[in-house]
Every structure is written in structure tokens, then in C-alpha cells.
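Every chain is named by a letter (A, B, C and D) in the order it is written, and numbering of its residues begins at 1.
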Amino acid sequence: MTTAKEALRVVGQAVIDKKSYLTDLDQAIGDGDHGINMARGFESVFKKIAVLDDNIDLTTLLKTVGMGLISSVGGAAGPLYGTAFLRASGVCAGKTEIDAVTAKAMLDAAIKGIQDRGKAKKGEKTMLDALIPASEAMDIAIKAGKTEVECLADAVQAAQKGVEYTKTIIATKGRASYLAERSIGHQDPGATSSTVMLEALYNYLE
Amino acid sequence: MKKIINNPDNVVEEMLNGMVVSQPQYLKRLEGFDVVVRADKKNSKVALVSGGGSGHEPSHGGFVGRGMLDAAVAGAVFTSPTPDQIYEAIKAVDTGKGVLLIIKNYSGDVMNFEMAAEMAAADGIEVEKVITNDDVAVENSTWTTGRRGIAGTVLVHKIAGAKAESGAALADVKKAAEKVIANERSMGMAIEPCTVPAAGKPSFTLADNEMEIGIGIHGEPGTHRESLKTADEIAQQLVDKILAENIYGTGDEVAVLVNGLGATPLMELYIVSAKVQAILKEKGLKMVKTYIGNYMTSLEMAGCSVTLLKLDNELKELLFAPADTPALVQF
Amino acid sequence: MKKIINNPDNVVEEMLNGMVVSQPQYLKRLEGFDVVVRADKKNSKVALVSGGGSGHEPSHGGFVGRGMLDAAVAGAVFTSPTPDQIYEAIKAVDTGKGVLLIIKNYSGDVMNFEMAAEMAAADGIEVEKVITNDDVAVENSTWTTGRRGIAGTVLVHKIAGAKAESGAALADVKKAAEKVIANERSMGMAIEPCTVPAAGKPSFTLADNEMEIGIGIHGEPGTHRESLKTADEIAQQLVDKILAENIYGTGDEVAVLVNGLGATPLMELYIVSAKVQAILKEKGLKMVKTYIGNYMTSLEMAGCSVTLLKLDNELKELLFAPADTPALVQF
Amino acid sequence: MTTAKEALRVVGQAVIDKKSYLTDLDQAIGDGDHGINMARGFESVFKKIAVLDDNIDLTTLLKTVGMGLISSVGGAAGPLYGTAFLRASGVCAGKTEIDAVTAKAMLDAAIKGIQDRGKAKKGEKTMLDALIPASEAMDIAIKAGKTEVECLADAVQAAQKGVEYTKTIIATKGRASYLAERSIGHQDPGATSSTVMLEALYNYLE
């Protein structure tokens, strides 16, 4: 049986496992701390959720994750991912089952949260370039009547394509924007960590 | 990675501890937080809070003291501190006259400080913020995040600090800080990278005959790479880029900050400064005050930045006002 | 060799120029000589002259100013200045009250300063000298040249400078300086060597996991090489060697100087200082004042030294007296 | 025809030519500046003697050299060599021909000057470990009735042996003394520069 807590653990662990990979990506076009920041964040989150009931509801869990990330990650990713989890938590309040439509609504709330904080849009070489395509793909999949897991699979694929796309564009938000043309050819660390999380969730649920 | 440390994951904690146990006359730790505050008794005035990632020492903790900051918040190395830490700093130093946040322009810093400001405002604390963005290496366009805040931030600490110490209201302290920001520009370069302790390897590599121009203060690469030039050519290049902003003209009084990035000997900074002064003199500027040394560093990066600040009478008086902090004492 | 310079053979000249054009409120150049003197009007007091090879910046020119030195003589990098230069410095600052030479204990420095003293004495100037020898890395035996003078020299500048400023006679200024020398000890280490500009290559090489213990300030190798330890172990090793001198005991008031050798970030110095303070506290010493930063460097060497000075009431009062110099301001 | 000035030029040039060699020796056990210091000194001396008459007397010449070295070399070598040349200059005052006995008296005066300043004796791993054996060898050669050049040849040989000897002993004077046992195996830079000067003089006169 899958629990929200277990799913979160798998997602967090995937990010922690990619710590040096994400850091290397950030060294190329940022300040080389994205993996370190995210790993510190999820380790802190793991401590916070350890005291929660194993069958804790998703809303409480995501709120704990959001608050935990905000108070431990720092940098740009902390407020952005923290806000994303908090907003997603709001959407699933009261629900016991998460269907594809709810899942997409949660993702969209997360994206909205990231945009409220970070003022970025698609094509600026940020995590949004993974998340927005993921949401769009889910939308199409839902309309095509796919199962939840199939929808998620499509979202993951779109996010992965989004990461590839970030290699081709100039960053205009975040630290990488200081590099202008020099940022081309490098994939965005935040888009990558977003995709790592989606992939982990998919692998867990599938 | 070669460093005199104990554990890459503990450097900030141990550094903050080292600061307060070594200089208790200046600093004390906000128990349980990565925040240092003035050791002396709070007096009723506008409070100044700054901070950012660690690794820029003496910024920002070194500028906590009379005539400058009231609190500095230390994030992980090169990583903006989290909102809860900043929020605690704000609460600790507010005396009811309000708090000015001095933030360097990075997405992360701006977002975290803004979240903290929202939390403090919810408590009824009057909070204002200014965002420093002196680095002309980065083009300021509506498309981008805008220019970065680098060494010029220290001059904002100095002048806004003096204004606050004079008893001015929050709005006026903010205005003075904004005037500094509007009138200062910086440009930096490096000949050696630095290594984030937790990353364990240099942030970039440079060949023996290469330098990075337009470098920031977080080990990130600069705007471009060139073959290593002479100190005079480097000074010329940095100053030219600053003067191209067209805010400094003949007869203007200016303050100059020749800032070392961490591993550059003072000898080299003096050699750069000699040329900077010569260029500015030639241009008809009047250098009324020059600071030379490590003010805003990037761990053990070798390199320097030059900052120019145009002064009017108010800024000049505030710049020359007394300060008593671990890293800047004036009287 | 990677440096921000113009020409290895001109570094001293250009540095001195940079110093005086950048900080004219503090320093002026003795025209035609490698000597900087106080910019303010001479007042009638005992004058202090120090100096040595260049490459130790801010030593010694950075300590020329009220409450410290009256003149600093700059030799070639790591090479004692010549007698004629020192002689000119002495003549320039003497006001008839006599001149104290503060010399670091190296054969070259001692010989050149002594020759200058003879020349000045022949002119009827009253000249006394003290020789600093705080480095416990080097055994003090009748067979050897004796211990070297390193970072502790700055504390001699500070305290003798305050004594001179108080109007004391030459003999008493000398006595105060000698009291500092008798009560201070230092010990240093390095993790990276430095490169003398004119030599063009590092003075020694260290593997990634090696450090030199008992390092001097001229790029010379230390007393021995070890595998790199943690900051705590390094601090312990340096302090142990100092305490083994048996001049510091429970209840003693001490000043501490945690000195960077040029390329070591302040973050690391704070981490070292935290441990130094803990050890000394444990030992029952009272740290009344700690200086942390680059005071006596060795170009871009990475490393640090620790200096301990036992204070009596006189020394304490002089240590806390005001100073206003480019590199040390106190009030 | 040989002139004092020409001889001095040859000697000084030999030191300048060995600039990096002497500096390397000083890097091993000192502060890596001996060659730089001595080269700067002789370059400065060359400028000073350029204005002197080509047939300038030896006394005036050596005095100029001594003063020139004192005011340009610095470090330990400056006062020591400077004093050495000044003292040698005193001995040859009024002489037009320098025989072996006078030459040895000049060398002895130089040695005495170095000892007055530096308080060192034989066996402390300094320039004296080349110069004192050179003087001793000259003494024997003179007593054996050898020619001036032969005497000088013996002095050079003894100085060279002295340099070799410095490799075997611990330094107790000068910067190398800080290294204690670590100074063993390295030859003394000052002993080497002294020998370079004697060799150059011999090669010129021979």
C-alpha cells in the first residue's frame, strides 16, 4: 500500500541522491549550491515528517514539507519550492483520493505559487520550463482519458523535454541570467530537480 | 579542496561562534539562529538588517555595530538565509522605529527577505527594504533579474547606518540608502576561483593565463573570459565599464572602494588602486575617500572589484560619520 | 605566477604610490625614497620607525598613523630595506625627542637597521631599537640567530605607538616595546605557499593533503611538514606550542591575534579563533581583546598564525588606546 | 690590458648571470631572493661605476661598489658584501699593483668586515664557509711561492670545496638557521655567490 508519507520520502530521497549532479549543474551556470540546498532541505523535511503519523493526510504532509523547505533550503529554490508545496497542499485539503484532475490542480497551484514569488514565465530557463510543460501534458492526457499513472508518465516526459529545452535558451531569471549567452548549452538545475521529483513520484506509483 | 576548517557542513555555525566569542564587545549571537546582533544595548532608532549567503566575510556580520548594521543574517555558503532566520533578526532589533532590510539583488535573497518582511509586517513591525544592484557587469534590462548587488552594499550599510544613528525616521533612512544605490556602481574580476566547502571543488577553472571579467561574489562565472592583463589594464577595464554608466562627471566628489575578493594580497589592491585613482583624476573626479581591502569577499577567490559612489553633501557627511564595527572603524 | 600586477620589478614602487594616492589623509611618501610617513603635522614626541621587506601588507605602512608608527620603510619583496632608506625615514620623523626602531629579528633587517642607526647617531639623533622575536617555531638558542619576528610585531607597533603618543620619553617607549616583546609569542602554519613576483615561482610546493607547520612570513619553508589537519587540531597545535613557553598562566589577561597570511578567508580565521578562544578559556586565561584578520601577511600565502600577549595594566591601557591608521583604527 | 673597472664588471656580470640559480638555492633554505638581491645590487653598481673614469683606481672603485651594494641589495647580503668591499677598499689604498699578499690582505679585511657585521664564524653555513677557506688556501699558496693567478686558482678551489661543505652542515646563522636539520643537503646561497665572484675574477685574470 502506498502512503503519502512514503511517496514523499521516495521523492525527497531521489533529490538527495542527485545532490552532486544538481550541484554540478549549478556550478556551470549558477553558484554551485542547488543540490546542496535541496538535499539539506529534504533532510530537514525528513526529520520533521518523522514525527508525523504514518498515515498522515496529504494536505498536512505537504504543508509540513513546504514550511520545512522554506526554513531550510534558502536561496531561490527554498521560497519557490516551499511556496509550491504549500499551495499544492491547499488544493488537496479534505480529499482522501487524488485523481488525475486533482493532481493537475495541485501542480497548477504549485506553478502559480512559483510564479507569484519568482515572477518568471515559461522560457526563462527555470524550473517552470519543466513544470509548465508537465502540466500541459497532463491536461492533454486527462482529456484523452488516460489513467492517473499514464497522465503522470506524460507529465514526466514533458518535463524531461523541458529540461532539454532549457539547454537551448538564455536564462533571464535567477543567477544564470548573469551569464547571458554563456548560459546556452547548459540545462537548468531547478528544471532538473523538478523533473527528478516527478520521475521519482512516477516510479513509485507505477 | 584545501581549507582550514573542521567540517564543510559546519562552517557557518563555527564561524558565527568564532565571531561572537572573539569579539564579544561588538557582537552577540541570537540564540538558536544564524544571526549576529549588536552587543551593546539597543537604543531607540531605526534598525538595519542585512545578510545573505555566507562566504562574503567580513560581510555582513563584520559590519554590525555602531553606525552601521544592527543585525546580520548568515545563510549557508552563497545561499540566501531562510525567512524564519531573517524574521527573528527583524524582531530582535526592532525598537518600534521600524526596520530597514538591505538586500543584495539576487532572486533568492529578495524572495527570502520579502517573505520575512511579510511575516514581520503581520506582527505589526514597520519594515522597509532596499535592494542593492551596483554590479555593472550585468546588464539591467526589463528582461533580466537586473544587476547584482556586490561590494557597493557595504557603502549602503555605512551610509544608511549613519543616517539611522542620527535618529532619522525609517523613510529617510531608506531614502539615504536608495540615494547610495542610485549613485554607486561596481565591476569585478577574478584570476582564481573559489571552492564552496560543501561542494568540495572549485566553482570554475581558469588557465594560468586567463581571467574572468564581470565576476560576481558567489563563485559563479563572470560575463566573459580573457587572457590575463596587467593591473593597469584591468583597472582601466573595470573603471571604463563603470564610467560608461554616465553618472560620474567632472568635478563630482566620489568615494572609491577597491575590494579584494578574499585571496588577493593588499599589495595588488594598492597597485590597482593607484591606476584607478589616476584614471579618475584624469577624468576630473575628486576622490574624497578610498576604502581598500577585503570588504565583500567570495571565499578564497583571487580578484578584485572597484566601486564608485558619487557623493552629495548628505552622503559625504554620512560616509565620514563615525562607525565602530569589527571590520570598519572610523572616527 | 598569477598576480594582478604590472611588472614584477615595480611592485614596491607602484604599491607605495597606490598607498599614498589612495589614503592621503593618512600617508605621504618621502619623496625619492621607499618610505611612507604620517600625513599629519609632526608633533613633538618620540618617533617610531619600522619596516622590512615588502609583501607583508598591511605591515608596515598600513600602521603608520596616530597612535602607531611615524614611518615605515619598504624593502624589496621579503628583503630588508637598505640603510640609506631607513636613515632617511629616521631623519624625516625625528622631532628631537628621539626615534625608536622596531625591527623584526632577521639578520638582514637587524644589520640594515643598525647601519642606519649608526648613520643617524652620527647626525646627533637619539636612536634606540627593539627587536621582535615572537615566533616560537624557531628555537631560541645561543647557537642560532634566535627566534624570528612575525605577527606579534604589530602589537609592538600598537603599544609602543600609544606610549609615544602619550608623550613618554624614548627610554620609556622602548621599555614598553620590550615588555610587549617579552610577553608575546606567536606560531604559524600554511596550506599554500606564495610566489615572490621577481622569482616567478612558488617558494615551495605542498601536496593537496599537506601543510607546513612553523612557517615564517617570507615564503620560507616551516619547521616541518604534516598531513593537513582540521582547524581545531591546527589551533590546538599552534596554541600548545605557545603555551609550552610557560609564560601564560591561569588568571592572566591576554590579547589574541589570529592573523591571516594573505589568502586565507576570514571565515577560516574565525573558525580557528573559536578553537583558540576555547583552549585559552579552558586554560583559565582571560581574553580581553582579539584581533582577527590580515595584519602580517606573506603575499598570497594561505595560512595563519596565532599570537598571545600577556597584559599588565600598563600594556592593557596602551593596547586599548586610540589608533588611527589605514589598517587599524580604534577609539 | 686589464683594468680594475673591467674586472669588476666581469665579476658583477657573473653574479647577474647566476641570478636564477642563486635564487633557486635561496628558495630551498631561505626566502628565495638572494639572486634577485645580488643582481639588483650589481646592476645598480654598474650604473654608479659607469660615470667613473675607465682607469679609476681600485680603492675608489671598491668603495663605490661597497656603498652601491649597501644601498641597493638589502637583506643580509647587502650589508655583508657592502662592508666586505668597503673594507677591502681600505687595504689597497695607494697601491697601483695588487700582488698576492695584498690580495689576501684585502680578502681578510673583507672577511673581518663580514664577521664584524654578521657575528658568524666558519661552519655556520654562510658565505664565510667559502671565503675563509679561500683565504687559508691563498696563505698556503703564497708561502709555497706560487704566482698571483695560481694563488687565486687555489682560493677558488677551496671556495668551491667550501660550498660543497655547506651542504653537509646545519645552518646556525641567517634565515636557513630556522630550518635546523632541514637545511642539510642544500648548499648555501651566499657561499655560492662568493665563489661565483672568485671564479669570475680568476677566469678574467687567468
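Basically, contacts are C-beta pairs under 8 Å (C-beta built on N, C-alpha and C of every residue); 3 or more make two chains touch, one makes a residue touch a chain.
Because the structure is predicted, anything quoted here is derived from the model rather than measured.
Undergrad: Please report the smallest number of touch steps linking subunit A to subunit C.
TA: Tracing touching chains, the least step count from subunit A to subunit C comes to 2.
Undergrad: I'd like to verify one number: the distance from the centre of subunit A to the centre of subunit B, where each centre is the average of its C-alpha atoms, in whole angstrom.
TA: Centre separation, subunit A to subunit B: 32 Å.
Undergrad: List the centre-to-centre spacing of subunit B and subunit C in whole Å, with centres computed as mean CA coordinates.
TA: Computed value for the inter-centroid distance: 29 Å.
Undergrad: Can you work out the whole-Å distance between the CA centroids of subunit B and subunit D?
TA: 54
Undergrad: Just give me the whole-number Å value for how far the CA centre of subunit A lies from that of subunit D.
TA: Centre-to-centre distance between subunit A and subunit D: 75 Å.
Undergrad: When you check subunit A against every other chain, which residues touch at least two of them?
TA: None at all.
Undergrad: Which subunit C residues reach two or more other chains?
TA: There are none in subunit C.
Undergrad: Which two-chain combinations touch?
TA: A-B, B-C, C-D
Undergrad: Mind pulling up the subunit A residues that touch subunit B in the complex?
TA: 23, 27, 29-33, 36-37, 40, 70-80, 117-118, 172-175, 177-180, 182
Undergrad: Would you tell me which residues of subunit B are touching subunit C in their complex?
TA: These residues of subunit B touch subunit C: 2-7, 11, 14-19, 21-23, 54-55, 57-58, 62, 191-192, 208, 228, 230-232, 234, 256, 258, 262-274, 277-278, 287, 290, 292-294, 297, 299-300, 302-304, 322, 324, 326-327, 329-331.
Undergrad: Mind listing the subunit B positions that touch subunit A in their complex?
TA: Where subunit B meets subunit A, its residues are 53, 75-85, 106-108, 111-112, 115, 137-139, 143-145, 148, 196, 198-199, 201, 203-204, 216, 218-221, 223-224.
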